[in-house]
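Two complexes are shown next, each including chain A; its partner changes from chain B in the first to chain C in the second.
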Partner chain A sequence: MEGVAMKLPSFKSLAPAAISVASTFSTRRSFSFARRSSSLSAATITADSEPASLGHRARKDFRILHQEVNGSKLVYLDSAATSQKPAAVLEALQNYYEFYNSNVHRGIHYLSAKATDEFELARKKVARFINASDSREIVFTRNATEAINLVAYSWGLSNLKPGDEVILTVAEHHSCIVPWQIVSQKTGAVLKFVTLNEDEVPDIDMLREMISEKTKLVAVHHVSNVLASSLPIEEIVVWAHDVGAKVLVDACQSVPHMVVDVQKLNADFLVASSHKMCGPTGIGFLYGKSDLLLAMPPFLGGGEMISDVFLDHSTYAEPPSRFEAGTPAIGEAIALGAACDYLSDIGMPKIHEYEVELAKYLYEKLASVPDVRIYGPRPSESVQRAALCSFNVEGLHPTDLATFLDQQHGVAIRSGHHCAQPLHRYLGVNASARASLYFYNTKEDVDSFIVALADTVSFFNSFK
Partner chain B sequence: MNSSSLNVLASPPLISTLTPTLKAFHRINFSSKLSKRIRCMHDPSINLNFGSRSNPKHDFPVSLATAFVEAPLGTTTTTSADKLHLLVSEFRSLTEPIDRVKRLLSYATALAPLDDSARVPANRVTGCTTQVWLEIKVDELGRMRFKADSDSEISKGFCSCLIWILDGAKPEEVMGVSGEDLSEMNVGVHGKVQSRVNTWHNVLMSMQKRTMALVGDADVEHREGDRSEPHPHNLLFDYVNGRSYVESSSKVDRDYSISLLPLGYDFTI
Partner chain C sequence: MAASISSSCCVSSLRLIPFKRTFFSSVNPPSKNLILRPIPSFLRTIVTFQKIPTGIVSPLPASSSPSSSVDLQPIEELPPKLQEIVKLFQSVQEPKAKYEQLLFYGKNLKPLDSRFKTRENKVEGCVSQVWVRAFFDEERNVVYEADSDSVLTKGLAALLVNGLSGRPVTEILRVTPDFAVLLGLQQSLTPSRNNGFLNMLKLMQKKALSLEVKAEEGTSESTTDEASVVEVDLESKPPSVVEVEESESVSNVVALGSRGMRIREKLEKELNPVELEVEDVSYQHAGHAAVRGSAGADGETHFNLRVVSDAFQGKSLVKRHRMVYDLLQEELQSGLHALSIVAKTPAEV
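Presenting the complex of A and B:
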């Protein structure tokens, strides 16, 4: 436990008595832990020890959070749209370009060998992050959307026949609906949608009943970016495999926030985006079981994914190269590896624990504001919400709300349909506002948000 | 019309800075329907709800300028371009962003209500993050009449301003307003952030598109010759480049009509 805390990059103890023993990145190994532990509480460094919560400590690594917008301190509550990147990730990207930028996989010279090593090491880091058994099960893509399209066009087009069923939920992100619509049009497969139950989560019983001999694929989110609910993937996989169906998990909102173990979940495909997990934009990945990837035809054609090229035909490479045509986003992949390192150094269980607490705090505070309707399940003993809330204020358009929050208070939230139009239609609204937190947010951020929200509501009410 | 009344009437109703002029306005003899709707505008802290809400029976906007336009032909010399410039300078005079938002919200309350029957998909303005409905018709004098509504107060404010500028205008005037002119408004948002400005553009595009569709004859083409070079980002550039407007207007109803790219942004290299 102490070891994990020690490795926190550029960690500086906030406890006043220990400040003179400033722990810098280079001296952390020789840091006198005994001295530090005597000046802090007996609980040492836990995620929620006052005053140095994980959020307070982590903020130091994110320079972008320390700025003013429109005359107010920035309060960034849009991490579900994209996360901020710590200095370590930015350094990794800079280092790549400054010291060993070179094209990968085919070069002989030193720089190329180094770049290739780092690139494949990044692949290993991602594989380890989600506990894949082999790094060849990780295919780098541009983002999760491209990863889902890869499965749709490569696996879907060659495995779906007329009458086959693909099960989705109404709460899916557009990236997990539109590719299947396109593929079902081409193959004659049928899309079926699980609706929500009275707790505003996808109806698991309905999902179970929908799975039949005709089902070939179940493509669902792990954590919803609007409802903040999570689905029991392990159970869903069991039901799907019973009928010979595959499962694709959209883990964009889960991989950054909690431990995701693909072997434990036993999912066939899993996708995530780097930019939501402290990595750069322009890179994401698909996890696919080896035997599945081996049987899949290519998605994009070009260099890197071929074995031999003739004028009239070509032979293709083994996965994952088969699905990585052209020069990859090398620097970005390496930076994603650095992001995985950064998150692992803090510890995903710790991050999750902190966020569960933040999620509860956010929900309670938001629910106490009058005329606010939060979507998704109520938190309880059995239901844990993700650290985000999509909500609407009676009589106030979420876009007006977000505009005012930004302009007058520097609070950044998102408004719109959050790439989930069918879900909003199902809920009977056109748009909603969403505040989403990450481990670099603090309870003070939530407090600022609530104060700003109350001010916004009263401002617009004064015009009624 | 003498220049003083022109000055007054050209300004939207709620300008507290123009109080003296407004007082002058009260003395001008106008239709009784209009004077009933003028509330005291001297004290900005008074509830700026202009009265269109409390009187559900009336069916025309409270805007002074609109009443002005409904006056007999030949008495008006204010063009849409003039009104636009006045509105721009009005908003420019408000240096605090919150004052611009407040002004916009005041205009929102002044917007004439839209019948429920007009809230149909055909009247939806596409591409806005909020819902905006726009009703448009040509009156017996060949002028364009607009009514709009939105579920967002800020968007309603935008619509209210646009309608104040364009309601009762001739079709050429409607076509002559460009997206760039609107970005001058800098309303409700800091800097020239494009995302809310999109509402302006989308509503304006819709007004122009549907004006074209309604005013369907060669006369418009003929009158177009007097107009200055239209804005290159105008959706109906086909028309402007000499192709038949019938052809181009049918083209603009394609499925791929939304762009998330910032409108008004100069993409040329």
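Presenting the complex of A and C:
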């Protein structure tokens, strides 16, 4: 009884999950049967009892979440690193390969026409997901990192001159620092970094002041994968455009979790990865305003992106094809389209609302554990945090923490620098632990995490 | 006592005749350009049969040992203390207790002086920071010291230090990472880039080899003379004899570059020397890995210093050298690899 209760904390509302987990406890089935049948009836009459949260309902679509690791129920709190995929997305991918796999854009026959249609439909779905005005403003890439590199090499190399300034923040992901370093070395442009203010968010006033006539590009995150803070992109775009600078938005942590409207933001470029938004790995996209893309030279050369090829020169296709050399990740793009559908069916506003609540719960619970230091701003009326917390426990290395949580409790978090070494250096730490949630997590997941964390801390403390 | 392995192993095979296989095969050769050791051909016959573990494995004849898969290095090939450690971990079944054991090792590890926490001593690919230092004792056995900011990694380091320290180079080089499986510590098993445990072992083996090669070269740096001990640790990297890569074209310019100038300025400012000579001898060391890898990439890695100053009055040789090192900490962190120091007071000249 103790054991069952420990693994199924909120017995009432976890009836569907209870079935899959309880089946592994064959000897206890008869004992818990009576309770289960009553809870089943309770769960089916959801109007009377407390309604199952979005997390509880969504979990059903993610088979991967219903397993045990190292002898404990899996508690997956690493969605900022990669999200899990619902059955619908996996089916779309499987479906593609099983029924209409064929190379796109060049074929005449039935299968290739179907593949092309679905591929281009996926492009439209992505465009609609972020409210781009035209699907030709969506360039499929391998991931957001490649998308940023595309802008750096294609737009950057042909637009940046010596002395031009590119503004970043110290909190950027490496993918939005390193390409600019490479390109600035080649062009003589200068990188400037906005530091954090006392609330541990990038200093917006400093950013505003940094923008000058010399600024040609502002490349910033929308939501930080470490600090959980968000930047006022609309305002930043206004300031940048005032001086004729462009803005690139790294939306990897925002597109999956909230409504992102590129027209409203008026950003010039925006990047995101499929694998963080319930889509497969191997595909991401760059959104770029039509006039910008039209003026950009190719990034990678090869098939698909050309118009005519001669021995001594070639002419190039229009965007987006111009930037999509070679056979694309067709199945993956189609699955990404399915992910957009899945998320839209739930509704991004609803997902966001649920996550705001979850974020608050996570923060409060984590902050109540002694010796825990959470990075980023405190949540308040004016400040909404994303549903993630990067933190450190006094005297305990995050790797030790994450290892023990995994080995002894089945809790999956991340430890390290989260591809934000400059940020960690700025905060004065080598590494941090990070728990990140998505709409398929529940309050019970947070509870399990906190219990496991307390156990871990006391284990290591007993050795001091 | 041979208890069954607690973590996920499915099949165990019993080897009746020890099988010496090439240990420079697939996974983890200790060093890229190692001299291969001959494998005795007569030791190649093996008889293996599969056995599904039923929980308790009956005691076996002394010459063989159970292992959890066909290709593991036999436990007898490990240094004696490491064998003991492996057996200890095998006898501890519960994962939590294994961690406790690991932490216990780490707690009792002799701390590493911070001046040895250099780039050459740092284990690559660790999410936490791990340093390993190696030097010879009087009998040319390798002595190791290590440290880490993560207690679990420190435990693993301690395990390796306890298991390998005080042993001859050949024995250390023979060790393959297979024994990690026998420990039953899952975190050490994934052979990914970030596997600190494998990299720790590799670094320790690499250092052992370089100590050996350097000793054979007969250079003064490998003696245990007090003044040069400090230099050995700075220079613990594969010497140019073993490296096959082409040497860097470092100019033989006698004039000091920016680092040389900085060194000169610092020493002049802080020690007020009567005499000061700063000689850039980096070109003599061009071609070994450290020069190529130096962060500044300005090729200024090795200097001869001669300082005559009153500041050294009343201080032992080691203390004088330490003073100079302390002043040049920043350079040491950013690519300066070695200093040969002559530190005298005016009276001694």
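In this section, the second predicted complex is superposed on the first by the 413 of 464 C-alpha atoms of A that agree within 3 Å, B and C clash if a C-alpha of one lies under 4 Å from a C-alpha of the other, contacts with A are read in each partner's own complex, and residues count from 1 in each chain.
Going forward, contacts are C-beta pairs under 8 Å (C-beta built on N, C-alpha and C of every residue); 3 or more make two chains touch, one makes a residue touch a chain.
What you see is a predicted model; the values in this text were computed from it and never measured.
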Clash-or-fit label for the pair chain B, chain C on chain A: clash
Which partner does A:415 reach: the first (chain B), the second (chain C), both, or neither? both
One more residue to check, A:404. First (chain B), second (chain C), both or neither? both
Answer with first, second, both or neither: which of chain B and chain C does A:327 touch in the superposed model? neither
In the overlay, answer first, second, both or neither for which of chain B and chain C A:430 touches. both
Of the two partner chains, chain B (first) and chain C (second), which one does A:67 touch, if any: first, second, both, or neither? neither
Is A:133 touching anything from chain B or chain C once the two structures are fitted on A? First, second, both or neither. neither
Let me check the overlay on chain A: which residues of chain A are in contact with chain B and also with chain C? 70, 396-397, 399-400, 403-404, 407-408, 415-416, 430-431, 460, 463
Partner chain B, residues of chain A touching it in the complex: 70, 396-397, 399-400, 403-404, 407-408, 415-416, 430-431, 460, 462-464
Enumerate the contact residues on chain C facing chain A in the complex. 95-96, 99-100, 103-104, 107, 127-129, 149-153, 186-187
State the interface residues of chain B toward chain A in the complex, per the touch definition above. 47-49, 97-98, 101-102, 105-106, 108-109, 129-131, 150-155, 188-190, 196
If we count contacts the way the header does, which residues on chain A are in touch with chain C in the complex? 70, 396-397, 399-400, 403-404, 407-408, 415-416, 430-431, 459-460, 463
